[in-house]
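Input: structures, listed below.
Both complexes shown next keep subunit A, but they swap its partner, so subunit B is in the first and subunit C is in the second.
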Partner chain A sequence: MKLSRLLALFAAFVLLFAPELALAAADQAAAVLEGAPKPSRLDYPMIGGVSGRTVVWSAAQMHLFLAAFVLAVPLFAIATEFMSVVTGDDRYDSMAREFMKITMAAYSLTALVGGGLLLSLLVFYPHLMGYMVKVFRGQMLIYAMLFGLESITLYVYFYSWDALRRGNRKWYHMSIGLLLNTVGLTLMFIANAWVSFMMSPAGVDPTGAVTGTVWEATRNPLWNPLNLHRFLANIAYGGAIVGGYAAYMFLAEKDPEKKAHYDWMGYTSNFIAILGFIPLPFAGYWLMAEIYAYSQQMGITAMGGILAWLFIIQAVLIGTIMLAANYYLWSGLMRTDRGAEYAKYVKYIAVVVVGGFLVWLTPHTLILTANEIQNLGGTHHKILGPLGIMPAKNTAVNLMLVMTFLSFQLFYRSSRIPTVSWAKSGNMIVVALYVVGITNIVSAGIYGYITPTVYKVGASVPQVVSTLTIIIGSVLIDVFRLRGSKPEKVYWGRMTNRSQYALFVLPVAFTWLMGLMGYIRSSLRTNWHVYTIMKDNSPENYIPTLGDAGNVITAITLGFMAIMVFVFWLSRLGQTKQKGTEDAA
Partner chain B sequence: MNFLRVIGFSVVMLLAFMGISHLLPQVVPDTSEPVEVSTDGLDMDGMIALGETIYKGKGTCTLCHNGMGRAPDTLEMDMAATFPERLADPRYTGVAAGKEGAKAIEDYILESMKDPSAYVVAGFGKKGTNDTESPMPVVDKAPIELSAVEMNAVTAFLQDLAGLEPTVPLPSAEDTPVSDDSGDGGGEPAPLLTSGENIIGEYGCAACHDLNGSGADIGPSLYGIGKRMDRAGVIESIIAPNAVIADGFDADVMPADFGESLRGSELLVLADYLMSLPDTPPATDDGEEEPLATTALEVIDKFGCAGCHDLDGSEADVGPKLNGIGKRMSADQIKTAILNPNDTIADGFEADMMPDDFADQMDDSELSLIVDYLMNLPE
Partner chain C sequence: MLGNKWLVFVVALVVWVAVFYFIDKSIMEGQGLPVGADLMPV
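Up next is the complex of A and B:
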């Protein structure tokens, strides 16, 4: 609730810059008291054999991928820059600049694809766009103006890096970075308002007539859950993509010093990705709870209806991400001499992570032929069936998150020797935290089996609390326990090539996962442009099959990968000098 | 080299994700344009059957009213006892409060659909509202948008479930037509079928059931069904074929969408026709054979091919789609597939589903006609 208020306050602050947005509907009542349009099937433009929906879908998803990347990287660039100021370690500053260099090339492509999205929406869904403009009025112009401001601050932030690198000037530079991120987040919040309005409209009456202010339409029931979910997902996504870049550079570089730099960059990016990823299921839980609260029917469509199978693919993707991230962390133990001491725990962590993965992807209802159903006596397997329901899956995902954090902790500990007198007892407290927390997670999972469905959801709350307590508690204890500790040498670059492939798994799986989640979020509206307000009567108003969606998502992901390869190539091109040019100069 | 390895690795991973999306069950969407079907002439049995179809389909009632605990499991509860209890509940102050009888229950059901928060069963309210606000959507508003006739049909179904004589009015010609999503893509609705024989021919029932001398045995024989089941049971078996499976037969074989594709009055006509069938197939005069089909369409009608195959828009999916088969198979292969259907089974389909006695039943000229027809059948 507090978080929700904070986000709302932040958005309200930004919107104050646009006084006309806060106008009461009464001022414009005469102009807007007309219901949402009701286009017939023939009102949707048909252009040759082109599927309007696929064009808009592809453009929207591609824009989202790029936007998530260019919004996220400045966020952790400024965090990394801040780290350089706090620690005095210049490597952080150089890495933050390198992060931004990659973003620069992606930025104009984001705008280009965004323009393509707008055009395709205007061409294929003119009535919807007309209605959305009527609801959000001047906010769309504010969006365009903010985009201009975002461009200015981005260029100033990047190109002034060296000019404002030292002393007090660094704080000016970081202020510009802060402004850049504020504007970037505001852009995302505004775009989220439009998308969430389509799912949970507010500020309009049941016919779609605009009766409220722009702010009311913006602050619709699903706006803040979506804001939080996308904010965290963007951080995880940006980290994963930069990690992929670092891994490629690690493989390509021959110079040990540069290899070490890119190993460190890969580790940091992976850390950022997982940092954003760990709270993501909880943000997703909040979003889903709000969807249920807004429309139980919409919630059930997602979780228990025709889209339910989709969550098996989601489990495969998230499980893949978890396994890859853990594998990379385990490989990282070879960077320190003391890593071998901790490597013995890896096999136990692996059992839990793989076990959790298998539980998560076990479906409740099996895909069987009629004969198999008859032989089995139903569509649920007697032993495996119980693993298909939420208590088992919640338990699995929480244990996987705890184990992923433990993998991080092992590497961190292998690089430091505590010197405080209470190091041993502190360690005992951390172990106890893990034991009690895991026991709580498993117990709440078992409780979920013996309680009615409605309370099963409630049983996941203590599981989440236990996971967060383990993570936050052991971080706090380690902060004090390792204060004044003796650092061990970390041999950056001492990694296998194979481990770098784990860093490629992350961006590929993340991208596909985001595409999949886009498909489900949009499908929840079923055959409505704006849920319950404006019907989608186009010939493509149905939910495509999972297989068809899989094809489109894969094609978009391939397109995005091609763009990223181009972006990375561009960022390297700037450093390439023609042979003999320096001599001639 | 590194570049190619990384790209290859990523592409393989993407293809694996895509492959999984194809492995999972595919919910094939209905892409047809909805058409509206008149309910004029529907009797009360038809209203009950229609109500059940809406309850389990368009009304989306079973999304929550099931055994998962989100809403009372109406289909499993003893509604005969429950309805009077609800009307007598001191917390209930709605339009039927303090009243008794089927009419009061009709009012109660209709009220609960139009104003779900008028009375919330204890324990089923929205969280934090102390059972004063219902999570149930108003069913005559978006997104469900049931018409008055559809709500009456659901009411009739629930009254029937409680063992009561439904009290709702029957639809008239002036009533809003019922939305039927089984349209053919935007043209005029298909003409209403008014005889049992025509309905059986149109929907290909004889391809699986022993009817009109077809001798088919994929589903149970329908002769004498009037003695084995009552009319409501026959209607249920048509619109919800998996509800009760006859001994010796498999579930999920009969298409489950007849509740949507049959019009209300067609369903009743078909049920009445089946109820009137004799116990055994009518004796045929020895030596007197059924007349030869002289066109491919007659062959299709005679042998009921469209009952199982998607053929010229029949949309049946027990067997593979036949439109465009000429591009996938040669004439000889098609002939073999008809005469010996279990020799090669198309991906995604099962053996022993298609009758394997066409060699005995089909004349050579009929076989040639159908093979030629299929070879030239466009996509």
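Up next is the complex of A and C:
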């Protein structure tokens, strides 16, 4: 088609639609100072006996699980691909491709559930969706366009793997991967803006009238804490799911070579999961501190009100993750002949991890009968009560993280024999770092009991920094200490089946945890669609009982795990060839 | 190299104590919480 003809078509289009566009702009200008809608109970569509909230809740949570997975995996796929270029080890490249293969199977499901979520929101909460469109305007179209771009880059990245595998072409391939990750992260940040706006609205006046720009609404007080928290959580979650896949394949495979490959994949995935997990409690702490700073009422609803008990369940789930990850790492010591030398330290690490777990799940306030209160002499237990407050919990979680890192370090050391002359002295510097760092974490915890609240909260920061100093400091020292070290043979695949079940526990516990914490985050708005701006007047505008919430969260978790097992099975099916057809092919 | 490992350990302990003290003090003061005026009245 000639250019002149194209221009003529464009002119006709403008003439045809310009009046409508102008009217739409005028409508928008008039609507600028209109407050948020105030739907009555009758404005919420009732479809049979279907609970709109449960449908939207399930679709949103399922979409988040899948989206977190398909956004995170390309992040560490490209990091693994880069490792293959740096080290020249092709195994990394193959593993990165395999990571992406699992993502491909899950991607269409993500889009499908996302479409289902949008549809259910439009059906059950039309007024809220109308208001959100008014606030975020063109950003929603940008989101849709980015989603299209994400699909294109994802497919190009995966299907061009072999075509762009060597030489300079590899860099083109990684550039496509970089673009894919940039688009993916932008998508997540935009979606985060919408949910954080619902918690801490900005760019609107107290009636909900739009007074600011889309950017002001986007950059609301909780946006960045949520961005950081979800970014780290996605990496941890993606690593855990891929680890679950590796465990599934390890158990299913009979060929020792393939078992060795999936053992290595499981180890790497677990490493990624823990890498994302270690800073996660600190990001969560920041998010909660910002929630308190934005609205004390909201903070108290979370940590001191009806939702507080869910944080005890959170502690149980995080403790499960820590125990499973550590157990897997300890099992990994049997992969090397020198591993037995380090196994003697495992019992001490176990004592700290289990002890930390018990402290973390100790509640401050107990649910007691009048008789029990009388027997106890008050509502708080004399000995265990003090363990229910934050200084004890902060100390526990920091020590658990330090010990988890130590488990990693032991395996790493078991696979290398240092050759530098100062190896023993260097080890003593690392031991001294652990001793002083741990003492500092415990001391800062005790300090929290003898100071006013503001100091107690402030002292949690040195605890975090101590944990990070131990980790970064000992990594740096070990890098120099193990320079030119003699590698010890690692027998990949020399693992028990039990260890693989521990690896499989991680995605289950992570999924449950995310479902639980997502429910808490969303429930903080109580009976508001948009906190303090737009009231939820639907028949289901109350916080459900903990039991009901737990049932829904568990059902969603089971549903998601069923989908994941299907995805794993699908990936394995793709590799299966009919007997007798290999030669013909 | 670096002499007796236990001597190194003791020196390292002292150095790490100094490092962590500096970190703690800087962080608390950075938050506007000077150490010294912090203990609760008994």
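In this text, the second predicted complex is superposed on the first by the 549 of 585 C-alpha atoms of A that agree within 3 Å, B and C clash if a C-alpha of one lies under 4 Å from a C-alpha of the other, contacts with A are read in each partner's own complex, and residues count from 1 in each chain.
The working rule: contacts are C-beta pairs under 8 Å (C-beta built on N, C-alpha and C of every residue); 3 or more make two chains touch, one makes a residue touch a chain.
It should be emphasised that the depicted structure is a prediction, and the values quoted were computed from it without experimental measurement.
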First, second, both or neither for A:151, with subunit B first and subunit C second: neither
Which superposed partner A:508 touches (first subunit B, second subunit C, both, neither): first
More subunit A residues in contact - subunit B or subunit C: B
Partner chain in contact with A:421 - subunit B first, subunit C second, else both or neither: second
Which of subunit B and subunit C A:549 touches, first, second, both or neither: first
Touching partner for A:317 - first (subunit B), second (subunit C), both, neither: first
Which superposed partner A:485 touches (first subunit B, second subunit C, both, neither): neither
Where subunit A meets both subunit C and subunit B, residue numbers: 452, 454
Residues of subunit A defined as touching subunit B within the complex: 41, 206, 248, 251-252, 293, 295-297, 300-301, 304-306, 309-310, 312-313, 316-317, 367, 369-371, 373-374, 452-454, 501, 504-505, 508-509, 512, 526, 528, 531-533, 539, 542-547, 549-551, 553-554, 557-558, 561, 565
Footprint of subunit A on subunit C - complex, ascending: 1-3, 5-6, 8-9, 12-13, 15-17, 19-20, 23-24, 27-28, 31, 33, 38-40
For the subunit A and subunit C complex, residues of the former touching the latter: 421-422, 424-429, 431-433, 435-437, 440, 444, 450-452, 454-455, 458-459, 461-462, 465-466, 469
Parts of subunit B lying in touch with subunit A, wherever the complex brings them together: 2-3, 6-7, 9-11, 13-15, 17-18, 20-31, 33, 60, 63-64, 68-70, 126-127, 135-137, 141-144, 186, 250-253, 350
